[in-house]
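Next up: some structures, all given as structure tokens.
Each of the two complexes below includes subunit A, the first together with subunit B, the second together with subunit C.
Then we have the complex of A and B:
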């Protein structure tokens, strides 16, 4: 593998190898082979989520839901603290500026008006959970990303239309130009191309 | 594009009805949907409606300026009806918004695959409707420059909002709803923006779509988290959508006014919101599919399904009207009974009967298959429902006219500014919607592809063959 990685800066460095397929069935087949061959730094690119492909690729279930649960819990707590502080307390607190709680007495209702606080607590729970769902999903996916070697390839433009791609990265310890290419050729792709960084 | 008409409304338990007609490959699906954005010029109908919508939106801006300079006295709001058109319009627009989230979240959780063709623009409709909705309470505060008092922002007066008030719950509910709807809409759109980026013919388009598609490249490792995130958003948006209109109804129900102070309000408002929202979805979908040739995606089956939901929610609303009357009598509360008899036979009885005929009687026509499947007839019914649901909120707000003490009764008359601001808000809504159709993917391309039979990896296998 080492002879492939040219160190000259004016030469584009090979980044990975890409095989193009035209049906979901073929990409499933290909993913199964690549996974069985023991590659680790590889990926499939599809225009829509192909059902079951993540399992075949050996992708472990994401911990996103657990993180979102705690984000929701945070929102819930903050919603409660916000209302308690602003409507039922009298002490000072430093939040960038000094703020002081105010004990509102409304129609003789108790200071800790649990039921009346439910809607805002609920909304802040949802808000925190939803915003962190999106933020964490993007963060874990390494997005937004303005540049990626795959996006330079002309053929790859169809990854968002009707083609399915297997991409194996050069940095994978198993990668070897000849063997990897031979393995991909066996899978009956439409085309095979090298990707440059 | 072939013009063969396939009837996909037939119910055959032996096979699934196709959701996408006349397409058997993914490339042609992309082509046909992207054509809406990629055509060098939009159709004439777009220009005509855009000019009209823009003029009305411009009028709204002028009226807003007049309002800010002069004050809320230019409206018909007057003792005892201090909540006039602004609150009617607010509840009306928030209600419209509910269908988008219902389609994108609740139908998603119920695995209703037909939602994919209509969810994108229903969500867009939600966002634009909530923008229109947020406008009215914002300007109703009178001194608009003090609108920030609505939020718990530290200030020199040491003053905080009063969290025991439903009006403040509304601030939180509607702003959360707007944020979550926007996120849901945008996250769903990222893969399709990537499609538009990859097909872009000019560098400018490629850069703009490229920025907004966040470098999406269809990686399966990304799709895995993306789908999970989408499911989570749907699960979070479902209770949210039910809570938002419940909170809106608390604005009324928590007060002690006869005609408002009832426990049926939250479910009744939610049903009404979904009812009006779906009517608006159809009102927008019917011309759009005609003008942009999207009939292969928004098929007759989709429209019929929407009509069925209108029928169900319309019946719920009709039932709620009946129950309100029954409870007004059964409770034995004189003021309550008077408020309801007054609604039906009092000074604004005409508004009440417009509401009943549009909301209770007209959707019942959808029991007939012929009407459910006739474009002109369903369009008329949906327009009637839009009108009726506006009048429902009008009737509810006008409970203020005659409350406990006859000496404080009054008669509400809107001014021309009230009426033109309502029309102007439609202009704002349509302007945003037409811009959306022109520049953003109007149908969820990747989702539509995923519900095609070809998307199943086992599609080519015959039945009984061992599954891989």
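Then we have the complex of A and C:
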């Protein structure tokens, strides 16, 4: 860790270029421009959700809901299997081990009894869907992330107050110091700054 | 958003109202007339019983539509919702129907007060009470006089609430005074408490007491879930046809459809199934005769099929269809699903009101299997779809649609001066 820090302070590597805007309309226009120019490793930072910004940025809709649906389906199936296995199963394993569920007769209901099982199936569906929503969201976001190069910039503090930022990363194949800066300048920003890693 | 004179005819029903109302009213009155004439011509006790059962089914169906609308309007003011303003007037107009729906209930109160209440409700027959200690014990609450007084109280509260919330919203159109919004927001919590109490007791009085031995503390909530299902489905359909007729085309966007679809999904599908299952499971598990009777009536003969149709068509199918946002944002698809849910809601009401195990079958059967055999092939369980079911439904829906359209003729199709209108116009989900 300490090695990393000294390395950073000795040789500041450029990480990206940041343009600051003061209205939602301007950042919408800037985002439209940057997307049209074909950049791929870039992002917008705004103090509040700007409606339609992700559409303009060309961000594809998330597949999280589909994954959550199948996680829920998995939970549903597992809840069913769990109850069948513990209550109503009887089978031989490799002809040696004889497995039998714990047959607990409750008020004369059948061992495999739909209505009684539904609450457990319901809850396990919810559990799987809810946990996988949060876990997959974090995974796909790359969160939790404790460090980000933008956080070193003093001006960027206003991203949570009243300023809107476009940040284009150096690793983008289209990136070139002069051309990218010139393009951002045309968009009428308040300031343009280099970010260091 | 430009709200000037130029697009004013987009915001009003205008001549369209009479074009909808006149045929609807003619068909409606015709339907009701045929329904009344039928038992007079065919005669017999059965004719009247069939008429009143069918009549009550259809009445409960249209009543739940308006009660769901009233709930929607109240909850918008309670939460100070911004998104829903452009579609709130449609709900207000449907809720305002509660001011006249009592007229359709007068025949039921009339038979109750003239001593013929036993056509529908066993407990209304005084000779019956003599050898039925359970009904006798319940008679301080379930007697024709008190029952009728309660009905008056329910309609008084609903009618006043429906009228008040419609009237003040329309008045705001003219003056734009924010005071109206404040006033409605002040009354909403009181009205919603009264709404919860009255709709619970009404469901007990009018549906649950059809089988007066049976009781379920869940019943009021089940009725409420059904109301929401009916109204939110109706709301989707109303939004679609309003736009099909070229009204509110710029104002209602698929963002509003998605939210109406969410409400239909949440209340009409998931919440309904949750409540229905909770009620069923407790009774099924405890397996006490005084509680299971009601469900036995609904799993004998053809009613078993209807129960399964409800499970599949009121929950499983719409659950899978509405779970994704793509169907909720597609106007036509959502409308088709909503029409299906309206049909399912009618089947649900039918399933609540109609089944009736005849007393002699119950008396003669020693076991459940015998009861099943005794009632296997007969229409004696009340499952005999009848022409009257259709004519009553068409009759009441016709009148319902006609009066809703006429009411909307008198005002704009959305609250024009609501302080949250611009929020609603630019509403986006994500």
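Criterion: the second predicted complex is superposed on the first by the 176 of 197 C-alpha atoms of A that agree within 3 Å, B and C clash if a C-alpha of one lies under 4 Å from a C-alpha of the other, contacts with A are read in each partner's own complex, and residues count from 1 in each chain.
Operating definition for what follows: a residue touches a chain if its C-beta (ideal position, glycine included) is under 8 Å from a C-beta of that chain, and two chains touch if they have at least 3 such contacts.
None of the values given here were measured: they were computed from a predicted structure.
After superposition onto subunit A, partners subunit B and subunit C are found to clash with each other. Once chain A of one complex is fitted onto chain A of the other, the partner contacts of A:73 are absent, as it touches neither subunit B nor subunit C. Of the two partner chains placed by superposition, subunit B and subunit C are both touched by A:116. In the overlay built on the shared chain, the residue A:105 is in contact with neither subunit B nor subunit C. Touch criterion met: A:126 reaches subunit B, while subunit C stays clear of it. Once the two complexes are overlaid on the shared chain, A:65 sits against subunit B and subunit C alike.
Using the contact criterion defined above for the overlaid structures, shared-chain residue A:37 touches neither subunit B nor subunit C, since it reaches no partner.
Of the two partner chains, both subunit B and subunit C are touched by A:52. The single stretch of subunit B with clashing C-alpha atoms against subunit C, selected from 220-228, 292-300 or 310-318, is 310-318. Overlap of the subunit B and subunit C contact sets on subunit A: residues 51-52, 54, 65, 109, 116, 119. Contact residues on subunit A toward subunit B in their complex (touch as defined above): 23-25, 27-29, 31-32, 43-54, 57, 59, 61-62, 64-65, 68, 72, 82-83, 86-87, 95, 97, 99-102, 104, 106, 109, 113, 116-117, 119-120, 122-124, 126-127, 129-131, 133-134, 136-138, 140-141, 143-148, 150-151, 156-162. Subunit B contributes residues 25-27, 30, 152, 154, 158-164, 166, 168-169, 172-173, 176, 179-180, 183-184, 187, 191, 194-195, 197-199, 210-211, 214-229, 232-233, 236-237, 239-240, 243, 247, 250, 446-447, 449-450, 454-461, 468 to its touches with subunit A in the complex.
Touching subunit A in their complex are the following residues of subunit C: 277, 280-281, 284-287, 323-325, 426, 428, 430.
Listed in rising order, the residues of subunit A touching subunit C in the complex are 51-52, 54, 65, 69, 107-109, 115-116, 118-119.
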